[in-house]
């Protein structure tokens, strides 16, 4: 596949690796923001090629990991209503709420369906006029335009049996929360390339300056990641803290204007609680009043009942780069992908699950 | 079982048979009205024990056989509505309407359930408040009080998701239609014992007198039937035409007063079309206006679309005692219980089905 | 049609809708007794579609056999007459 | 999160909601093109959750290799410097 | 004789979709099998009209059979779906004269099934297999979405060894053969009905489900030259006899008064308007044996606790293939036809 | 090493009801089998962790296996449920070194299924059986109420004959064995996904479903001392290797670049976020053979049209039982773990 295979060459990768070995003089800790990046790193074993002392931490860029228990409990309550068709991306189905997950309400009789796109949920609403179709809108700035378009189209087409449980979150406030932590271990960021295709790079300048941290907008293929790491390390070694764009083939500094306009029209910035991390001001997107009729929370009157996270789970520390998964006492014993205590053990991009699935044995 | 086994004794039966042989001097044709009697006759092989020339014809007393195609089409239309739970006695499920039967709408997704009693349908309505439960109220005077009670209770309990598709029919008008036919072959009737437990015997006096035909109210066990036949034959041989009661253990001449009162309260006499036979004035029971809210025809607005009966089917002649099933050209070839052309091939009490299932081979 | 089976009333529950347990040999079913207000435990009733439609009259129940007796006597009488 | 895959626009359907067929190697899917009004058949777009979120810039696509070249030259230079 | 019973000229299938009756063990099901599964050219499917196929494996004779179990409710007086799944398949092996040895178990589970219920069913299968002396040697589990199954379906397939010299097959049936039944009929069907939603009644009737291995071994041990066997499952005694009469090309005449039916079963049948001869059993069989050996065979059956109520119920006669008739207690006759579908309660 | 992989100490089943994942071919399913079907006392169920059980029948060795087929949609590019039901069970027999001979077929039909669809499926089974040289010798049909099944489920059980001298079993796997795959992986899973409701995409990918009999016979004909075989069905190549590694008590190391994946499959996997190593095949197998015979074995496979893309993909190593790892194209390593449930499209 074009624009994929070219970025996976072993020879080029090794030249990057050599260059990294040559460039690094001190230990550095980088965090890749996006779960998709985490996935590529473990899939290709990139972390194992890095110079000793150069550490990658998995960031909070996995919506499955950061969606709050409270929001999940709302989702479970709505999905359990008779007549509701609850549509979600696949990975959300295994995330535990206070007591259950979507798979278990499905097993108990709820009509929960996996969709590839919010537009699939919309199409379902058109096909099933007698049912209430709800889309569980999780995800970052990359996904929010898709949700926005679905709601917008629902209004345009007069589909009143469609609604959105809006749980979108924003990356920059989370990065700031990580940076502001006094125990922070992160020296530099690989920013999430696809988020930046939508939002551009402007938000990162102030962060880089305020916290004096290099931020490199990075893609998802091995060469992208290796280049992003190299660019970040180069800045650190040189004592710079700038925003740079590794992922130039997809990211333009101002981002995607039509998508931003749609986000603006449909959503407004709201406070959100992040699982493990806690409340972060202005870190989410909620539906504007004009779309109140398509707001599932309003339609179904689910009230916030203050969901409980598992007390033993250290995923907040994992997500902020303060703890590596195997350092959590529950890891691999009481907490496994079959019996996850935290969301980071659920998603295949979750830091704990990635460690468990790909790195559990030492050595080949 | 008490009051059952006593009436099945082979020894007593043979004494009755001997008495019949002794008593009969000429050919007589009797009709048993009720399908239950037909069933017992073929089950025990009673017809085979009778003197030659003494013929039994199967009457119209099988609601499965006489419910009109039009009514069936309404039932099929209602059962096919989304949200409806359509409850029926078992045998109605195989009766063909114009194009389909209840089993095939069930197979196509309708929620059709077999109940033992109309009260089971009522209980279902209580258990499924979100659904519309409809009971297909077929049957003669014996069954109508059960339907009446169900509607009455629905009103008393305020169950508005229950309704009745009323298709009850009355025996005496059908007997009169048979008697009035100028080709009639019937010399005497075994009246339907269970109908008479409800209605008593009063309606039959005028018929017996007007058409000079003996009418013996008869039970359902072999000795009952043999006695009823004997009583009827005795009248014929003696040139009498009276109403007599063979089934004294269950039938009192005035009938069942509380049941009659309930019928009176809930139903009114209406015209009805009988399958095969055609319209018979004042031959059915329909819901009174006070129960209009529980009337399925009204609730679902199904209009009479004039159902078509199969042109080849001679069941009208069979039901009126003008034709024996094997005399129908379609019998056993184009018309079988698997591919019935008429309702009389469907019910196990239907005359054609009874012949097919029990008498198809000659000899043991 | 009109399958009606005699069963013995085991117990009754009075109320807006009179109900009762009825035994058919070794099989017991709940049945509506509203139409047989006179039926008491120990009585037999004819049951159709979940409703008792008639109380069985023990005397009436013997009539079949009485009729048969009479037939026999008549036959004997006739037999006696013949020679 | 944010699985985004580059595919080639095969055709577009203009209308209130711009749609198009996009090929990912030998796999073809219908995709919403509303957010890439500039994308034409022959262009590559990055697709996420059924939406094209960005047109691939063929020039930008070469930068990785250019960077690698530079690194190599730097290394050679450095290598050249050392002796 | 009706053309419908003439196998060379089956009526065309009227239904364009599957009806419940296609699984009822009656005529529609036979039609489905003949026209969809067996029809031309070169039959796809089971070439032997028998409970089991008997086929060579190297120098040995292997009996194979399969059945799926979909009974609702899954637990009923005297048994459960797990027991049925073991006994039913073991019995089909035994009906071909085989010694049952191995079973497979294929589970189709509906998402949301209680784990505890599955455990109970599996425990019941374990116990039943132990009792029958068979080993469950291979298995499979599939889980389907909620609403795409009915809790739990089990398929068991069985493999057995047919000892030298045994030949049990409908084609060996001869006019004059005595027809025996191994016990009273209809208990299983009534036990299941008694706990079915919307029909529930109280009854002491328990399912008769049990393995038939000891009874068949008793017949062979007694030196009986068993011609044919059939367990009386779906469709009951009458359907089993119809099948055998069709496959053996003979007529069968039963004596109504000889057929053992226990009192509670006959009471339930009166109430529901059912014919006990068509009510399912899960631990009864009919045996066709040479008339001269009938008494020996009966004694052999009665010698085992499962066969105490065994009876001689009729005989094979010359006559059209597939005609099963009954001499009633009053001396009349009636046909025992194949049903069109499942027997429905004649409540009305 | 995690205790989860230690079979003597399985984690307690967390779920009180059956989840879809219990049928996904991954860890939950293994747990279900171990704790419900195999658990104490004296195992009820299949004692051999193998595609088929191999058991004695008189003086012969009989292979038995069973599988239920519940795939949706039932017709997909390159195949249908009927073909799968024949090939799948034939292949499980073949994986134990047996020559497949007989199949049973158990149908569970949902009321309302189109008769025409059933005919098509049966025709497809007939054709597939002919192709495989097996006979469908016994069958069963059950019909359940509308809404109590999903159109059509098929169980097939298979019986085969294991020729003298063959011994194919996970326990024969040895460190150093070469690991071969018979062709490119993942076509079946992608073909099915491409026509699944709500996910549909256009692709030239066709299901790889096919019988493995000729490939296995080719190995034996070439004189290869095959240690173990497994067809790569549910859960794909990675799951098959995990199973074998666990059952054989060894580790396996794969070379990513050696695993054949065709371009359309890898494109679809990129799009949906799937790992092709976990995508189902229905006509591929892995073979564990002694290292010195690896090239002979590979040549034997490649000599048949179904094996042209056969490849040597890795080797058995000393190490913890059940560890399967992969050397990535960049030289890193990652585990190929058993999945928790089914692989879901990572769309987000």
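Read from first to last, the chains carry the letters A, B, C, D, E and F; within each, the first residue is number 1.
As a convention for this text, a residue touches a chain if its C-beta (ideal position, glycine included) is under 8 Å from a C-beta of that chain, and two chains touch if they have at least 3 such contacts.
Computed from a predicted model, the values in this text were never measured in an experiment.
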| item | value |
| --- | --- |
| Contact-graph separation of chain C and chain F, given in steps at minimum | 2 |
| Shared chain contacts [chain D and chain F, defined touch] | A |
| Farthest chain (mean CA position) relative to chain D | C |
| Distance-maximising chain from chain F - centres being C-alpha averages | C |
| Pair sharing more residue contacts (C-beta pairs) when C-E is set against B-E | B-E |
| Intercentroid distance (Cα basis), chain B paired with chain A, Å | 70 |
| Centroid spacing, where centroids are CA-atom means, of chain A and chain D in whole angstrom | 21 |
| Inter-centroid spacing, chain F versus chain B (mean Cα positions, whole Å) | 59 |
| Multi-chain contact residues (two or more partners), chain E | 15, 17-21, 111-112, 145, 147, 263, 266-267, 270, 346-348 |
| Contacts with 2+ other chains: residues of chain A | 1, 4, 63-64, 89, 106-108, 116-117, 120, 139, 143, 349 |
| Contacts with two or more other chains, residues of chain D listed in rising order | 1-3, 5, 24-25, 49 |
| Contact pairs between chains, per stated definition | A-D, A-E, A-F, B-C, B-E, B-F, C-E, D-F, E-F |
| Chain E-facing residues of chain F, complex | 13, 15-24, 29, 32-33, 36-37, 42, 44-48, 52-53, 55, 57-60, 62, 64-70, 101-102, 104-116, 118-119, 122-123, 125-126, 129-130, 135-145, 147-150, 153, 155, 157, 159, 161 |
| For the chain D and chain F complex, residues of the former touching the latter | 1-3, 5, 7, 24-29, 47, 49 |
| Partner chain B, residues of chain E touching it in the complex | 1-4, 11, 14-15, 17-21, 27-28, 31, 198-199, 253, 263, 266-267, 270, 272, 275, 317, 319-320, 323, 325, 327-335, 337, 340-341, 344-348 |
| Contacting residues of chain A [partner chain F, same complex] | 1, 4, 8, 10, 13-14, 39, 42-49, 63-64, 89-91, 93-94, 103-104, 106-108, 113-117, 120, 124, 138-139, 143, 222, 332-333, 336-339, 348-349, 356-361, 363-364 |
| Interface residues, chain B side, partner chain F - complex | 106-109 |
